[in-house]
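Each of the next two complexes has chain A plus one more chain, namely chain B in the first and chain C in the second.
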Partner chain A sequence: MKSFTIKKLYTLHSWVGIVTGILLFVIAFTGAVSVFGRPEIKVWANPEVRQAAEIKPQSLEQLIVQHVSDIPESFREEINIFLPRARTFTNLTVVFEDHDNGQAIVKTFHNQSLQLLSTRTGSVRELFETRETDIADFIVDFHADLHLGSPLGLLLTGLLGLTLTVSIITGFFIHRKKLRNLFTFRWKKSFDVSLADFHKVLGVWGLLFNGVIAFTGAFLGLATVILIPAAAFVTFNGDQEKLVEMFVTTPEPIMANEFASTKVAKPLAHAQSYDEDMRLELISIYGFEDKNAKVYISGVGSDKVSAQTLSYEGSSGNFTEAFGRFGKLEGVSPVILDLMFPLHFGNFGGPLVKLIWTLLGLTTALLPISGMMLWLHRGEKSSTSNFSASTYSNVKRLVIGACGGVVFATAVLFPAQLVAWSTTPQLSSSVLFGIIFFGSWLLSIVLAFCIKNTGLSSKLMAYSTAVTLLCVPFLNVLTTGDDIFSLFLLKQWETAITDLTLFTLGVLIIFTTKRVSNKSSLEPVGNDNSDKGIGNA
Partner chain B sequence: MSSRRTTFNHIKMRHFAACLISLVTVTVMIPGMSTYLPLSTPDKIGLPIFLFLFLWAVFFIYSYLAKNVWHPLLVMSLLLVSHLTLSILALQ
Partner chain C sequence: MLDNMTDSMTIVAAIIMQCVAIWVLVKNSQAQRSKLRWVIAIIATVLSFLFFSLTYGILAGAVIAISMLSLLGIAFSLLSNSLSA
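Then we have the complex of A and B:
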C-alpha cells in the first residue's frame, strides 16, 4: 500500500479516535460492567433476593390460577411470568396483558412465600418505564442509550458502533505489519513507546472481539431508529409492526373459545430438567384456559449459543419443540440475529464467558484512551503541531476528567445503592442514581480542569475510585449485615463475588497507580522517540 | 494535525460526503436492495440491514481516500438515486 494512502488512513484513524474517543470509552467501559449487570449486580443490589429461591412448578400454577380468577377476562390473552433474579425483575412478576386496549396488570410476589407484594395497572410501556430501578438497570440503560432515550441516545450509541468499525479497519491497515509482533510490549522503555505498544497490542489481540462488538452494537443501537423503519418502507409499506411480526417465532394461537385448564407446572418442570445449564427467564402463556392455549418458556446459557424457547401445548402441557429466538425462520439472517444478542452480551456460556467478555470490553475501552494519550503526548512534544500547548492541555484535562470521571461515578453507584436500600430515600431510585452518577462525573471533570497538575488529578481520581470500591464490602456489612465469608457459606455467590471483585479492583487500582506514577517520575528528560509513527514522521 | 492541509483536498466536501451522504445512501439502500435480492423474505430484509455497517464504513473511508472528491460523491449519488427509484417503483 502506498505510503500516502497509509498517511491518509493514519490521519483518518486519528480524527475518528479524537472525535469519538471519550464517548467510546464511556460506552465500552459501562458495557464491560453491564456484562455482569443482570443478574449478578442486580442480585447484589437487592439484598432481599440475594438468597436464591427455587419456585416449585405446582405452586406457580396454583398462583396463576388463583390470580387469573381476580382479573377481567380480556387480561388473559397474554400472561408473561418473569422468573425472579433472571433479568429485569428481582421478584417473581406476572404481567397480564389486554392487547385490545393496550393495558396490563403487573403483580409482584415474594420469591419464597409467594405472597402478593404489589399490583400496578396501566399501559405496558408506562408500567415498564415506571418500575423500581437499581444500579444494574441504571448502568445497563446508560450503556444502551446514555439515558438520552430513543432516538437520540440509541442513534449516538449506534453511530459509535459504526465509527469503531472505521477505527478497526484503518487501524488494521496502518499497523498491518505489526501483526507479526503480537507479543511486542516494551514496557521498560519510555512512556510513549510503552503506550504505543500497548495501543497496538490491545488493537491486534482484540481485533475480532472489537469487530463483533462494533457490528452488534451498531445493529442494536440503530435497529429501531434507522434499520427497521428503512427495511419496512418497501416490503411492508412502512408498517414496522408487520415486519417485527414476521420475525416472531412464538405466534399467538387462534382461540377455540372452548374451556380447557392450562398447564403451567408440567411445562416448567420439563423446562427445568431440559438443560441444566439453561437459566430460565420467562414463561409466556397465550390464551389462558382456552383449548388452544400455548406455553413458551425461554432461557439463556444452554449448549446452544442463542437464547432458546421451549414450546408446549397449554391444555396438555406436552412439549412440542425447542428453537432459537429466530431459528424457525429460513435463511441466513435468522441465524445471524440469533447470534447477535449473546455475542454482544456474553451471556451464552456461564460466568467464565462473562468474565472474558468483561476483560475484552475493558480492552475496547482502553483502546481509544491509549490512542488519545498517544496523540496528546506526541502533539505536546512536536514542534510542528497546529495546536497550541494550551489546547493539548485542555484536551488532556477533558480526557482525564471525562474518562476517569465515568469510572469514579460508576464506582460511587455501589455504595449509593447500599445507602439507598437501607434508608428509603424520598426521591425515586432512578432520579437519585442519576444525581449521584452525573454529579460525580461532572465534579470529576471540573476537578480535572481546576487542578493544574494533570498527573495529580489523575492520581486523585484513581485513588478516590479505589477507596470507594474498597469501602463497598464494609458498607455492605453495615447496611445489610452480609459479610463476604458468610455470603460464601450461604452460597450467595453473586453477592460474595461482587463484593470480592470490587475490593480486589480497589487494591489493583492503588497498585497500578503507584506503579505508573513511579514510572512517570523516573522518566528521563530525553525520551526515546524511535516509535513515533507516521503522523509525526 | 499539520498534515490536514496537505493530506486531504476539499476537506469540507469530504466530511460532508463521509458523514452525511454515506449515511443517507446506505439507509436508502436498505429498502432498495430488498426489491432485487433473489433471497427468502427474511434474508431480503435482514441482509441489507447487516450490510449497512460494512457499506457505511466502505463509503466513509472511500470518501477520504479517493483522489478526487467527486468520485465518491458520484458513486454514492448513483446508488442513492437508483435505490430510491427501485423503492418507489416497488411501492407503486
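Then we have the complex of A and C:
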C-alpha cells in the first residue's frame, strides 16, 4: 500500500480514536462487566435468592393452574413464566398477558416455598419499566444505551460499534508488521514505546474478537432504530409489526375454543433433560387450556451456540421441534442472526466463555485508552504538535477523569447495592444507583481537573477503586452475614466467586498502580522514539 | 457430550496445547526461525481446537479456541518481553 494512503489511514485511525476513545472505553468496560451481569451479579445483588432453587415441574404446573383460575379469561392468551435466577427476574415470575387490551398481570413467587410475594397489574411496558432493579440491570442497561433510552442511546452505541470497526480496519492496514507486533512488548523501554507495543499487542491479538464485538454491537444497537424500520419500509411499506412477525419463531396458535388441560410439567421435565448445558430461562404458553395450546421453552448455553427454543403441544405435552431464535427463516441469514447475540454476550459455553469474554472485553476497553494516551504523550513532547500544551493537558485530565471515573463509579455500585438492600428497600433502586453512579463519575472528572498533577489524580482514582473493591466482601458480611468461606461451603458459587473476584481485583489494582508509578518515576530523560505510532498523525 | 470430569480435563488439555503453540511462536520470534517450531505450533493449535470441540461442539469449540488463543497470546506477549530480550 502506498505510503500516502497509509498516512491518510493513520490520520483517520487517530481522529476516530480521539473523538470516540472515551465513549468506547466506557461502553467496552461496562460491557466486560455486563458479561457476568445476568445471572451472576444479579444473584449476588439479591441476597434472598443467593441459594439455588430447583423448581419441580409438577409444582410449577399446579401453581399455574391454581393462579389461572383467579384471573379473567382474556389474560390466558399468553402466559410467560420467567424461571428464577436466570435473566431478568430473581424470583419466579409469571406474566399473564391480555393482548386485546394490552394489559398484563405480573405475579412473583418465592423460589423455595412458591408462596405469592406480589401481584402487579398494568400495561406490559409499564410493568417492565417499573420492575425492581439492581446493579446488574443498571450496568447492563448502561452498556446497552448509556441510560439514554431508545432511539438516542441505541443509536449512539450502534454508531460506536461502527467507529470501532473503522478503527480496527484502519489499524489493520497501518500496522504492517503484524507477526512482529504479536510478541513485541518492550516493557523496559520508555513509556511511549511500551505503550505503543501494548496498543499493538492488544490490537493484533484481539483483531478477530474486537471485529466480532464491533460488528455485533453495531447490529444490536442499530437493529431496532434503523435496520428494522428501513427493512420494513422496503418490504412491508413501513409496517414494522409485519416484518417482526416474519421473524417470530414462536407463532400463536389458532384457538380451537375447545377445553383441554395444558401440560407444563411434561415439557419442562423434557427440556431439563434435553441438553444438560442449556440454562432454561423462559416458558411461554399460548392459549392456556385450549386444545391447540402451544408451549415454548427457551434457554441459552447449548452446543448450538445460539439460544434454543423447544416447542411442545400444549394438550399432550409432546415435544415437536427445537430451533434457534431465527431458525425458521430460510438461507444463511438466520444462522448469522442467531449467532449475533451469543457472540456479543458470550453466554453460550458456561463460565469459561464468560471469563474469556470479560478479559478480552477489558482488552477492547484498553485499546482506545492506550491509543489516546500515546497520542497525548507524544503530542505533549513534540515541538511541532498541532495543539497547545494546555489542550493536551485538559484532554489528559478528561481521559483520566472520565475513564478512571467510570471504573470507580462501577466499583462504588457494589457496596451501594449491599447498603441499599439492607437499609432503603423502599427507595427506587434505579434512581438511587443513578445518583451514586453518575455522582461518583462526575466527582472523578471534577477531581481530575482540580488536581494539578495528573499522575497523582490517576493514583488517587486507582487506589479509591481498589479500596472500594476490597471493602465489598467485608460489607457483605456486615449487611447480609454471608462470608466467603460459608458461601463456598453452602455452594453459593455466584456470590462467593463475585466476592473473591472483587477482592482480588482490588489487590491487583494496588499492585499494578505501584508497579506503573515506580516505572514512571524511573523514566529516563532521553526517550526512545524509534517506534512512531499514531501519536504524530 | 462428555461427563464433567472428562470435560474439565479436556479443557485443561486444550489450554495447555494453546500455551505450547504460543510459547513455540514466542521462541520463534526470539531465536532463529525454524520450520519445526511452526509445525509444532500448528499441530498444537489444531489439537486444542479438537479438544475444545469435544467439550463444546464444533462451532462453539472453534469460537472458544480462537478467543482463548487471543487471550493467551496477549498474556504471553505482555509477560515474555520477547523482542527486548
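Assume the second predicted complex is superposed on the first by the 527 of 537 C-alpha atoms of A that agree within 3 Å, B and C clash if a C-alpha of one lies under 4 Å from a C-alpha of the other, contacts with A are read in each partner's own complex, and residues count from 1 in each chain.
Note that a residue touches a chain if its C-beta (ideal position, glycine included) is under 8 Å from a C-beta of that chain, and two chains touch if they have at least 3 such contacts.
Since the model is a prediction, treat every value here as computed from it, not as a measurement.
*Asks:* Tell me the contact category for A:A218 with respect to chain B and chain C: first, second, both or neither.
*Replies:* The answer is first: A:A218 touches chain B but not chain C.
*Asks:* Is A:F438 touching anything from chain B or chain C once the two structures are fitted on A? First, second, both or neither.
*Replies:* neither
*Asks:* In the superposed arrangement, does A:K7 touch chain B (first), chain C (second), both or neither?
*Replies:* Once the two structures are laid over each other on A, A:K7 reaches chain B alone.
*Asks:* Name the contact category of A:L352: first (chain B only), second (chain C only), both, or neither.
*Replies:* In the superposed model, A:L352 contacts chain C only, not chain B.
*Asks:* In the superposed model, does chain B or chain C contact more residues of chain A?
*Replies:* The larger set of chain A residues in touch belongs to B.
*Asks:* So, does A:W493 touch the first partner chain B, the second partner chain C, both, or neither?
*Replies:* Neither partner.
*Asks:* Once the structures are superposed on A, label A:F191 by its partner contacts, choosing first (chain B), second (chain C), both or neither.
*Replies:* neither
*Asks:* Which residues of chain A are in contact with chain B in one complex and with chain C in the other?
*Replies:* No residue of chain A touches both chain B and chain C.
*Asks:* Give the list of chain A residues in touch with chain B in this complex.
*Replies:* 5, 7-9, 11-12, 14-15, 161-162, 165-166, 169-170, 214-215, 218-219, 222-223, 226-227, 230-231, 233-235, 237, 243, 246-247, 326, 329-334, 336-337, 384-387, 535
*Asks:* Name, in rising order, each residue of chain A that touches chain C in their complex.
*Replies:* Residue positions touching the partner: 179-180, 182-189, 198, 201-202, 205-209, 276-277, 303-305, 343, 348-349, 352-353, 356-357, 359-360, 363.
*Asks:* Residues of chain B touching chain A in their complex?
*Replies:* 1-4, 7-8, 27-28, 30-32, 34-35, 39-50, 52-54, 56-57, 60-61, 64-65, 87, 90-91
*Asks:* If you look only at chain C, which of its residues touch chain A in the complex?
*Replies:* Chain C reaches chain A through residues 1, 11, 25-26, 29-30, 56-57, 59-60, 63-64, 66-68, 70-71, 73-74, 76-78, 80-84.
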